Amino acid sequence: MVQAVWEDGTKQHVQRLEKLDQWVAEWRSDAEKGRCASYIPALKRVNPAQLGICIIEPTGKMTVSGDWEAPFTLQSISKVISLIAACCHHGIPYVLERVDVEPTGDAFNSIIRLEMHKPGKPFNPMINAGAITVASLLPGKSEQKLAYANRIFQKLTGTLPLVNEEVFRSEWTTSHRNRALSHYLKDTGFLECEVEEALEVYLKLCSIEVDSQQIALIGLILALDGFHPLLQEQILPKQVVRLAKALMLTCGMYDASGKFAAHVGLPAKSGVSGGIMTMVPPKQNAASHFPDGCGIGLFGPAIDECGNSVAGVSLLKHIAQEWDLSIF
Amino acid sequence: MVQAVWEDGTKQHVQRLEKLDQWVAEWRSDAEKGRCASYIPALKRVNPAQLGICIIEPTGKMTVSGDWEAPFTLQSISKVISLIAACCHHGIPYVLERVDVEPTGDAFNSIIRLEMHKPGKPFNPMINAGAITVASLLPGKSEQKLAYANRIFQKLTGTLPLVNEEVFRSEWTTSHRNRALSHYLKDTGFLECEVEEALEVYLKLCSIEVDSQQIALIGLILALDGFHPLLQEQILPKQVVRLAKALMLTCGMYDASGKFAAHVGLPAKSGVSGGIMTMVPPKQNAASHFPDGCGIGLFGPAIDECGNSVAGVSLLKHIAQEWDLSIF
Amino acid sequence: MVQAVWEDGTKQHVQRLEKLDQWVAEWRSDAEKGRCASYIPALKRVNPAQLGICIIEPTGKMTVSGDWEAPFTLQSISKVISLIAACCHHGIPYVLERVDVEPTGDAFNSIIRLEMHKPGKPFNPMINAGAITVASLLPGKSEQKLAYANRIFQKLTGTLPLVNEEVFRSEWTTSHRNRALSHYLKDTGFLECEVEEALEVYLKLCSIEVDSQQIALIGLILALDGFHPLLQEQILPKQVVRLAKALMLTCGMYDASGKFAAHVGLPAKSGVSGGIMTMVPPKQNAASHFPDGCGIGLFGPAIDECGNSVAGVSLLKHIAQEWDLSIF
Amino acid sequence: MVQAVWEDGTKQHVQRLEKLDQWVAEWRSDAEKGRCASYIPALKRVNPAQLGICIIEPTGKMTVSGDWEAPFTLQSISKVISLIAACCHHGIPYVLERVDVEPTGDAFNSIIRLEMHKPGKPFNPMINAGAITVASLLPGKSEQKLAYANRIFQKLTGTLPLVNEEVFRSEWTTSHRNRALSHYLKDTGFLECEVEEALEVYLKLCSIEVDSQQIALIGLILALDGFHPLLQEQILPKQVVRLAKALMLTCGMYDASGKFAAHVGLPAKSGVSGGIMTMVPPKQNAASHFPDGCGIGLFGPAIDECGNSVAGVSLLKHIAQEWDLSIF
């Protein structure tokens, strides 16, 4: 699929690789400040010291470092895909009648706001309550819902998504908080299917196994407003992608989204497995090292109390500053 | 100060003006859905049907329409200036130890989160609790604090700020909620001066009288990362401006910030007087009508329940879509 | 079982009956201010204009009026029985380690406090979260748990409890909010069995069909600290009954418990079916019409927004004042 | 005033004294689990190891032990007096339109509920928000308000209240949280006078110096529904006293009111100075050691995180159980 141009021989690319290797080595130790998600048993066994990154440019050129080939599950990164899928099917207005787009400052699995605000509309599709609602909006029954989202995934990555069954089973049997959220949403009328159905779709999408190259590619296509540069084809509606990026910037990094926007300045979505999908939109700014934009996939499984990769956020903060990548 | 190039004779500019006049006329009626801020008596008497806009480009070229010359008070738009001032004096890290940068989803004058989260650090400098804390960080005593922020204002606009004394008096005597917030912050130790002092500085900055041209100019300089294009001089540190823009995007439009980011996609700050300061950063994107960036000042005093100009937000939504201005 | 002394021929008893009939007639119209619980479909069909009361004294003398023979389901009144059952089996300290005894001021089905307070211990056994936790503490598996509570019910009333299957089915299939609470409690570790098991026990106890005579008799025995005056036997531990009465007074009338304590001043427990079980402890106070104590069962299915019988609360307020029944 | 019958020579009284001395000695060490209120500087300097109790019976017979003569300030115990005063002047309905009577489960100085519930009516007069509102309801200006409450105090104790000026000054200058509450209440319209006025009255009432004998006497009169047994005169309206006792039981011990009701079972009000005023209403119950009722004053300055005397609560729990004092 991606015809990666591994070595372009330019001095600039070589220098960039050297820098990246150095920074990955440097920030890897930040993993010690976090730990692997423990509430999903299958995630607890991962080696927390991993750190890998993959950057893909519109030409297909890839810059990679560290454990960039390590597999991990999408977890909350899937929230971007299901949002895009729901919007593709229903149109943006239908979806936004059922899920708001406001950041909350609350933890990803918080339930408070559903009760405090009437009528309990989930605040945004990047937190669990919103994403479960979005999953319920996908067309058809359980399997069809999943298939619909899978097709979006396939369009973006060129590969069929594979669910890590062990992770899915693990989440399915332990996901009491998500069940609480789902039943709450069923009670307030925001869930458009049965609780078990929405939850199955939601957790299966969370359990899709990827590597940093795949999410870097998705990031690249989002950076280009839905245009696939290698296929030279607009594969997603521009307005839907714009909405997704705005939500990633305001709500994509759980209750540290504001800090990520302030210190990194890029739309991003993290998952508790330690993945971060982010992107640099094309920018006239001469200082940026990626004037034509790029997609970035990152993996660092030790997460902080908000749910974000500790080493990953540190590395991205550093890269964004050194290479002047902020959209602001 | 601004040597505005009023008429550049180009066909493109004339067409843009025609469009703008048409849209202002069209969206002006949206004011009926809102009403002038009533909790500040002096604001209640303003004619709610006004709507004006001023766009300034780096060359100084201005495109204006409607009630763009109408005066209004900065109100919460001043939060951007005091944040910049505090960061210029103390450096960013010092300020962010005392105010977080997370959006909340709560109303601008909410006090709940100060109690729910320990140790009660205000969530961001764009809500009242955070802005009062920032005001307390400005150097010196009352008058000096004000003078320090005023100098930033003067640098940005070329004019000395004038406080509308009637509005200030009106706010000073009725601002019970802000006093509640201030005393709460004093209790939790986040206020670095006396309550009355912080409040006076905060409310005087809110009461500075401006017009849409002045805030458009500030917006333009922020769009250019602190570079004043007419003076050809970097007047503010780039990192501070970047932080301010990130906060405007995630938290600048009160508890509708997420919706503004999703539907307009520009850093912006609103005030309950009906002003909105926003900006378009320079962007390679060929579709945008302002590839070199611009500053936008808007005034429409009828506000919605979140505190944002109703007609103003509608107009900006329309302009951003028509002229492809979103940063995403 | 109750050998009711229907007519004692005394002038006092006749006068009391006359008064009661008059007041029931008078307050019956208050039902118009409320409506039957709509979230449980089977309860919606009940005639809201009913109002009945049964008062039983230690001698077995009954004073009845209105629709005192109408059947209704226990609903939240069962929370008292399951609390007593759990305390009888485990002892009070074990139970109170898992459920607190603080009133909340929140709605009966509120979930906020479970998240706001660490570690999410339910605030008291008279709200749903606490009662579901208590149900999970009953000994054995599903059927045994139920049997254990049923034996307490039988001890108190002399009859085996009958579950209204239609009501139970109706609740079982619509009880999304209770499922949300249960899964939340499972997540935080307070549930001592599976969610479905706790919920089945909880909802079956809620669906036990009674009439006002039965709950008056339970009330009487509680008034006498667990002593059954007709059997002349201490059937429940005094300390457990005391705890139950304290909790009824502080938390028994949902988020109107404070008002009921202030205006009526009796330990009471209401259910959304419109039942209220209350009691007058023996009291030296010469003014009281029931110096030796009594149990009161009441039924009035139109409930207010807190979940309490509208006409029932009005009637009790009046009776308590006229006959000087308050424990304060 | 109180013609205390110190020694009645009966064997029963001597035995009771011996027991009490033994229990005070035993529970005094519980003070180590708490510490003196630190947020009021003048309270910090008190010896935390003190523990004293005074019990007064309707005959005037006193049973005392430990540091019963130590002076302390009323603090929140004054909330009972100001509530009674406001109800005496305005009647109960007027007061309850402005302050609710629901327990909250929140800390005494919590502000959350004022924002969460519309229209922000304080939940009960036993927490700071409610008591400040009640202070604002007292008739006349500042000095008159105080004088009005003082007269109630004098009626109850026979002595004019003396404000501990040092404590008052200390509270006045440090009471930022109470100022926050007051300004919030002013904003929502529940305060019937200026913030500073209500606060002065509230804090002066908090700063009245008493000893355990005085509050035991107040407790005794409340136990007897407003009847002063030594003067043989009804000095307060029975309905007002009943309301006060109901509120003490449901809300009088801060956010441990439910636990106190469950484990002690007596109406009580505590203050952060370590005082507890409680009472045993007359009761037919043969088991109780005070069948004719009594008032109890207690002082133990080391408080727990809820604000209640640690040793005091332990001692009362023990006494209530041993002497069977619970009203339930």
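Going by the order they are written in, the chains are A, B, C and D; count residues from 1 in each one.
By our rule, a residue touches a chain if its C-beta (ideal position, glycine included) is under 8 Å from a C-beta of that chain, and two chains touch if they have at least 3 such contacts.
Computed from a prediction, not measured in an experiment: that's the story for all the values here.
Engineer: Please find the path from chain B to chain C through touching chains that uses the fewest steps, and give that number.
Structural biologist: 2
Engineer: Taking CA centroids for every chain, report which one is farthest away from chain A.
Structural biologist: It is D whose centre lies farthest from that of chain A.
Engineer: Which of these pairs, A-B, B-D or C-D, matches A-C in more than half of the residue pairs in contact?
Structural biologist: B-D
Engineer: Measuring from the mean C-alpha position of chain A to the mean C-alpha position of chain B, what distance in angstrom results?
Structural biologist: Each chain's C-alpha centroid was found; their separation is 31 Å.
Engineer: Report, in whole Å, the distance between the mean C-alpha point of chain B and the mean C-alpha point of chain D.
Structural biologist: Those two chain centres are 50 Å apart.
Engineer: For chain A and chain D, let me know how many angstrom lie between their CA-based centres, rounded off.
Structural biologist: 56
Engineer: Please output the residue numbers of chain A that touch at least 2 other chains, ranges allowed.
Structural biologist: Chain A, residues with two or more chain partners: 116.
Engineer: I'd like to see which chains touch which, written out pair by pair.
Structural biologist: A-B, A-C, B-D, C-D
Engineer: Okay, in this complex, where on chain A does chain C touch?
Structural biologist: For chain A paired with chain C, touching residues are 110-112, 114-116, 176-177, 179-184, 186-187, 195.
Engineer: For the complex, give me every residue of chain C touching chain D.
Structural biologist: Residues 96, 100-106, 113, 123-124, 242-243, 245-247, 249-251, 255-259, 261-262, 265, 267, 281-285, 291, 326-328.
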